[in-house]
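The following blocks contain the structures, represented as structure tokens.
Same chain, two partners: subunit A is paired with subunit B first, then with subunit C.
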Partner chain A sequence: MRITSALAAAAVLALSAACGSGGSTGATGGGTASEAPAEPVKLNFLSLAWQKESIEANKALVDEWNKNNPTIQVTYVQGSWDNVNDQLVTQFEGGGAPDVIHNDSPALSGFATRGYLLDLKDKLPAELKSDIPQPAWDTVTFGAEGGVYGVPFLQESQVIIANKKLLDAAKVRVPTADNPWTWDEFAEVSKKLTKDGAFGVAWPMKSPVNKTLNLALNFNGTFFQTGADGKSTVKVGPEEKEVLQRIYNQIHVDKSADPKTLGMGTADPLPGFYKGEYAMLPVGVYLRQQVAEQAPEGFEWVTLPPLKGTSSNQGAVSQTLSVSADSKNPDEALKFISFFLNGPNQARLAKGDWLLPTSQKAATDPSITGAENGWDVATASVKNLVVAPFLKVNGYDEWKSKVATPVLQEYYAGKISLDDAAKRLVEEGNKVLERY
Partner chain B sequence: MTATATRPVRTASRGPSPASRQRRELLVLMLPALVPVVLFSVGPLLYGIALAFTDARAGRNVEYGFNGLDNFTRLMGDGAFWQAMVTGLIWAVSVTVLTFLFGLGLALLLNENLRFRGFARVLAVVPWAMPPVVIGLMWRMVYHADAGILNGILGTDIDWLADFTFVLPAIILMGVWSGMPQTTVVLLAGLQNVPAELYEAGKIDGAGSWQRFRNITLPQLKPVIVAITSLDFVWNFNQFSLIWVLTQGGPGGRTTLPMVFAYQEAFRYGRFGSAAAFGVVIMIVVLAILGVYLWRQMREANA
Partner chain C sequence: MKRPLQYLALVVYVVFLGFPLVWLLSTSLKTPREMASTDPSWIPADPTFANFIDAFGEQDLIGAAFRSLVVALFSALLTVALALPAAYVMARHRGLASRVATGWVLVSQVFPFILIIIPLFMVLRNLELTNTLTGLVLVHVTFTLPFALWMLQGYVRAVPRELEEAASVDGAGRVRSIVSVVAPLLAPGVVATLLFSFISSWNEFLFALVVLRDPDVMTLPLTLARFTGPEGVARLGPLAAASLMATIPSLIFFAIIQRRLKSGLMAGAVKG
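This part shows the complex of A and B:
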């Protein structure tokens, strides 16, 4: 018994999309204009901006576009990182997905496999393509044909935000981008800073997986191996165990990390950090924004460059803009994206979100390269970003939430041993990945 | 039918009997009520059951087909599935039992001739008026690690919703709180239906208040108790929104109730067939547990 996609709505939508694209590809530009000049093309743009400055930057760019392009009107739709993927699945299935979709690269692989996203490979304007370096494009390239399913624009690297007074008092060497701390040195410093009831470091590990996996590349821990047939399996060997063990030791052996912060989300330890309860926070670069704006008067802080294992490599995850496969106006959508992500605009977005732009032009913008608020350190860390191996793993999301999140949470909480954790990550993980 | 058979003469002479005509009229009258039931309940239910035997999954223009019992066998071998069922049972049983005990206590209290009784009754119903999402958000503030009321009162420093040990008790407490008004109101209504003469007779015979409660109140309330606990159990076993707002099934799957699991299976991993199969399993489990429970209660009532 064969049933073709039974969801009536999806079928209707697919039909209408087929008609729509059939009509407009014949005469792009000219066709749409002559049909109804009074009727502008309407695009929905789902944005996940959440920091105040970032929302302002996004909305300002949309307004600017709408003013200059009366024939292509973009509506800003506010989304949230918390539930965007659930929302998108529902919208893709039921119809009515936004034309331009803001998301991040780990989510794209699944959506691309299911055919929800438009392959932009042959549609990208040369200027946009050359402005963004190939490693960034690699984070959004999936499948045997090497389809490009989004335009990467903001990248996050892991740095260390530290309390300057405590660092100075402990007289530790302040690392530079050229001469960063090694993990050993970091452990030593953390121990030194642990005194008078204060801890050296806080590891907020409510969502431990991406963070752990990105840092694991410091010791070349890839966590996955992908065979020739595109199937991936989990591997947790000595390289993968390095970072796991080191973080664990800080919490349970050296006792230089505050165990209370383990269950916290990334931004939750900030109040304790301001009070001096812990001296260092290994976090994403974007958290600088909150520190810069919320820290109490007289609180001095510095951004320290990423740590070094056998290398300083970190997994790169980028925020992306994609076009829905069902969009009736993909070409217009791409035009909007090209405008939205050109060099100067990316600099504005990066500044608004306190992240690192992929655009090479934007990266030279003086507003995000100065020493103020650690921008110089943050921008310098771009050179350490490599494609995170898990981006290419089909089923990574399920492995992450069903297996890796509970296992890593339990491991860091000291409930299971490293060998148990490794065993479960591999065995239960491979069972999950088998189905993809 | 029976009417026509037993009274053939009258049928022949006067057309359809009043009884069968009445039945037809009844059907016509019920139609407006039946159509939405078939359209919105029976239809989706059958569609869901059919889906459980296919490999339906999320995707654009996906073709899917019959795959027999694959979904079910795979579920049986999935550790996360069993964990969700166990968590679901622990949650549903504890919430139902605790809600009943507290609800009964509150109902007995509100049935007494207290001052401000009317006001107190209104207060007891307040949680009922709150949507689950609001309840969830409210309790998130109660349990907040830094700014929460609970840590403030107890002087502790526990992140209730992130702690592997405390998270289940914490959400059970919230479940009890949000389920109490309904149970209390139903039990209170039941209490008011117990004839006062029975208590008077008990008093004359010298029964103390505990004996009166055991031998008069409880037996008289029994039908109400059976009804409300069964309803509560089904309701709790299928709870989704409260948990979703509060923990999303975390930490580490400790609060993944059956419905949260089904939701993730369908909308996160896009396996509609498997999620539908899970729905069927839940339906069977709930029906089985309820069946045994109701059957025992009926047998006791008849004995």
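This part shows the complex of A and C:
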């Protein structure tokens, strides 16, 4: 009974203290009302940074802003990628969404259509607008009127991370940004590296859709066509089939790709890669961070440029900062974004996240153009990025989860033929897209 | 021969239960390099506290744990305070109203959380309770109450009516017989319900995610999610360190309260 009473007393005190301390973004600091200056504008900034260096860079920039702008104070709120859209939908519908929102461009289309985000088209400062190239702006431009619903700032390209010792031993040509491997060369090299129980390459395809669609642009495969009425339909012709067939061949015909990595998530093959079970990993540039942090002592690795089909084009999505349509201080929010995403700051953010900045000034920053950890190759690959066609497709998310993911998984696992996969992607896919 | 086998079974069961915790401890003390090894080991070759330093340095884990504790304690106490009298009435008075109420409680369980999250958020907003721990406590109570009611109803039914009748024969009024006879016998049920409500609230993520906004009101599950990135990629070391710390308060709570979980209180109460 004594324990119960003690618990109850402690709990009452604790709730009073906790409820008293939280729940408001109201003014802080001392001073009486009569001598206090005008209340500063308060902005909430929802950030999705999650890597240590990235969080540090984000927090440092917010601190810097707050120090230099006493009249516009920003509160840094950390969210997480896994559930940010659930959180935002509720807050957009119910009120209380953050003023400045970090997200990625695929999520913006739906939010923009429903009027949750502010159109920044006529509000962007000229310097910010001109520093970011048009292909990046295309990733955040939606609707018949070409509204701009965010500022794109970080992008990802697909590169190849390779075991240097195995490459050297096989005496293969090391590709450069100016002279990358073609898909044919890549297939040959993979076969050459497949020996002594080791494979040339690993294709982690637990989430195969975005990776396949982005790479399909190497052969001009767009997967979607949009009519004059704005309605999209799925198309899987020779251009779209090219990359699918080539990946399939590596797994099932050449047997130069390790089949056991097929069901893995992006980072899962890394332990096997360090152990020499496969020599190359086609992955996003950000995975270099984990390799740099985890690779065993003496393990040498290199970053190789994106592959070339009829071109080296890859579909790109961007991480973005947007302003909530309900924000009471949109002008101040945009001022903060302009500071946060200027050239030098984008370089800091890109370095922290191991991604590619959209800012042209940032792209020349020495901190992200050196050879260490493959930054030179990664940063050079930004020139191959074009807007991913699926970004403009209403209903893409449903097509991706209900149709494309299972179909591509079955195809890569060798359970269905390419023609069957193509047929299902189109027929089942169009049924989904019809509803949008 | 029977005794050693029982002990063996017990050891196997304890290992089964303890394995995740031990693995969490082991992971939290490993370097990123060791975590990526294809030959995992139980004992870290080069133990490090860097994961704990990173976890506590980057996130307000202690503050978040304190807030989670407050929310979970209040949710549990409030749930039991509301469910106990309701369960007694529903168990003892089996009229139409009781049956309808019981059915309604069941029906309320079939709605997926995601369906009601926006209306609930709007109700909280109208009450000016979004972004407050009080609002979160109310939400947790709302969602644990139906199941708590069911649990307690079962415990109340297990207390023979004859005990209350005997108390009444001895001159006790309704309130007296409930307080002096029924309530002590319901203690294990109350403890079990408290534990259920506490753990549900302690672990709850989705509602906290949408109700809470500012860093100074975030609860522990929200803070743990900060160590994960897109496509399920996570910073395993700091996440393991933070998760390990997150299990400690609930273990302590369980250790304190589990002594009240007893069975057999009513054995032989009514001679048939």
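Here is the rule we use: the second predicted complex is superposed on the first by the 398 of 436 C-alpha atoms of A that agree within 3 Å, B and C clash if a C-alpha of one lies under 4 Å from a C-alpha of the other, contacts with A are read in each partner's own complex, and residues count from 1 in each chain.
Basically, a contact is a pair of C-beta atoms (placed from the backbone, for glycine too) under 8 Å apart; a residue touches a chain by one contact, two chains touch by 3 or more.
Every value quoted in this text rests on a predicted model; they were computed, and no experiment measured them.
In the superposed model, A:Lys402 lies in contact with subunit B only, and not with subunit C. By the touch criterion defined above, A:Glu293 lies against subunit C but remains apart from subunit B after alignment on the C-alpha atoms of chain A. Once chain A of one complex is fitted onto chain A of the other, the partner contacts of A:Tyr274 are limited to subunit C, with no touch recorded for subunit B.
In the superposed model, A:Asp326 lies in contact with subunit B only, and not with subunit C.
Of the two partners subunit B and subunit C, it is C that touches the larger number of subunit A residues.
Of the two partner chains placed by the overlay, neither subunit B nor subunit C lies in contact with A:Ala170. Of the two partner chains, subunit B is the only one that A:Ala413 touches; subunit C does not reach it.
Touch criterion met: A:Gly263 reaches subunit B, while subunit C stays clear of it.
By the touch criterion defined above, A:Asp86 reaches both subunit B and subunit C. Of the two partner chains placed by the overlay, only subunit C lies in contact with A:Gly95; subunit B stays clear of it.
When both complexes are aligned on chain A by C-alpha atoms, subunit A residues 3, 14, 86, 89-90, 93, 271 touch subunit B in the first and subunit C in the second. Taken together, the subunit A residues at the contact with subunit C in this complex read 3, 7-8, 11, 14-15, 18-19, 21-25, 44, 50-52, 55, 75-78, 80-83, 86-87, 89-91, 93-96, 98, 207, 265-267, 270-272, 274-275, 290, 293-297. Subunit B makes touch with subunit A in their complex at residues 54, 56, 58-66, 79-80, 145-146, 157, 159, 162-164, 250-253, 264, 267-270.
Partner subunit B is touched in their complex by these residues of subunit A: 1-6, 10, 14, 85-86, 89-90, 92-93, 110, 113-116, 206, 260, 262-264, 268, 271, 325-326, 397-398, 401-402, 405-407, 409-410, 413, 415, 428. Interface residues of subunit C facing subunit A in the complex, by the touch rule stated above, are 32-33, 35-38, 54, 58, 66-67, 69-70, 73-74, 77, 114, 117-118, 121-122, 125, 130-134, 137, 205-206, 209-210, 213-217, 225-233, 235, 256.
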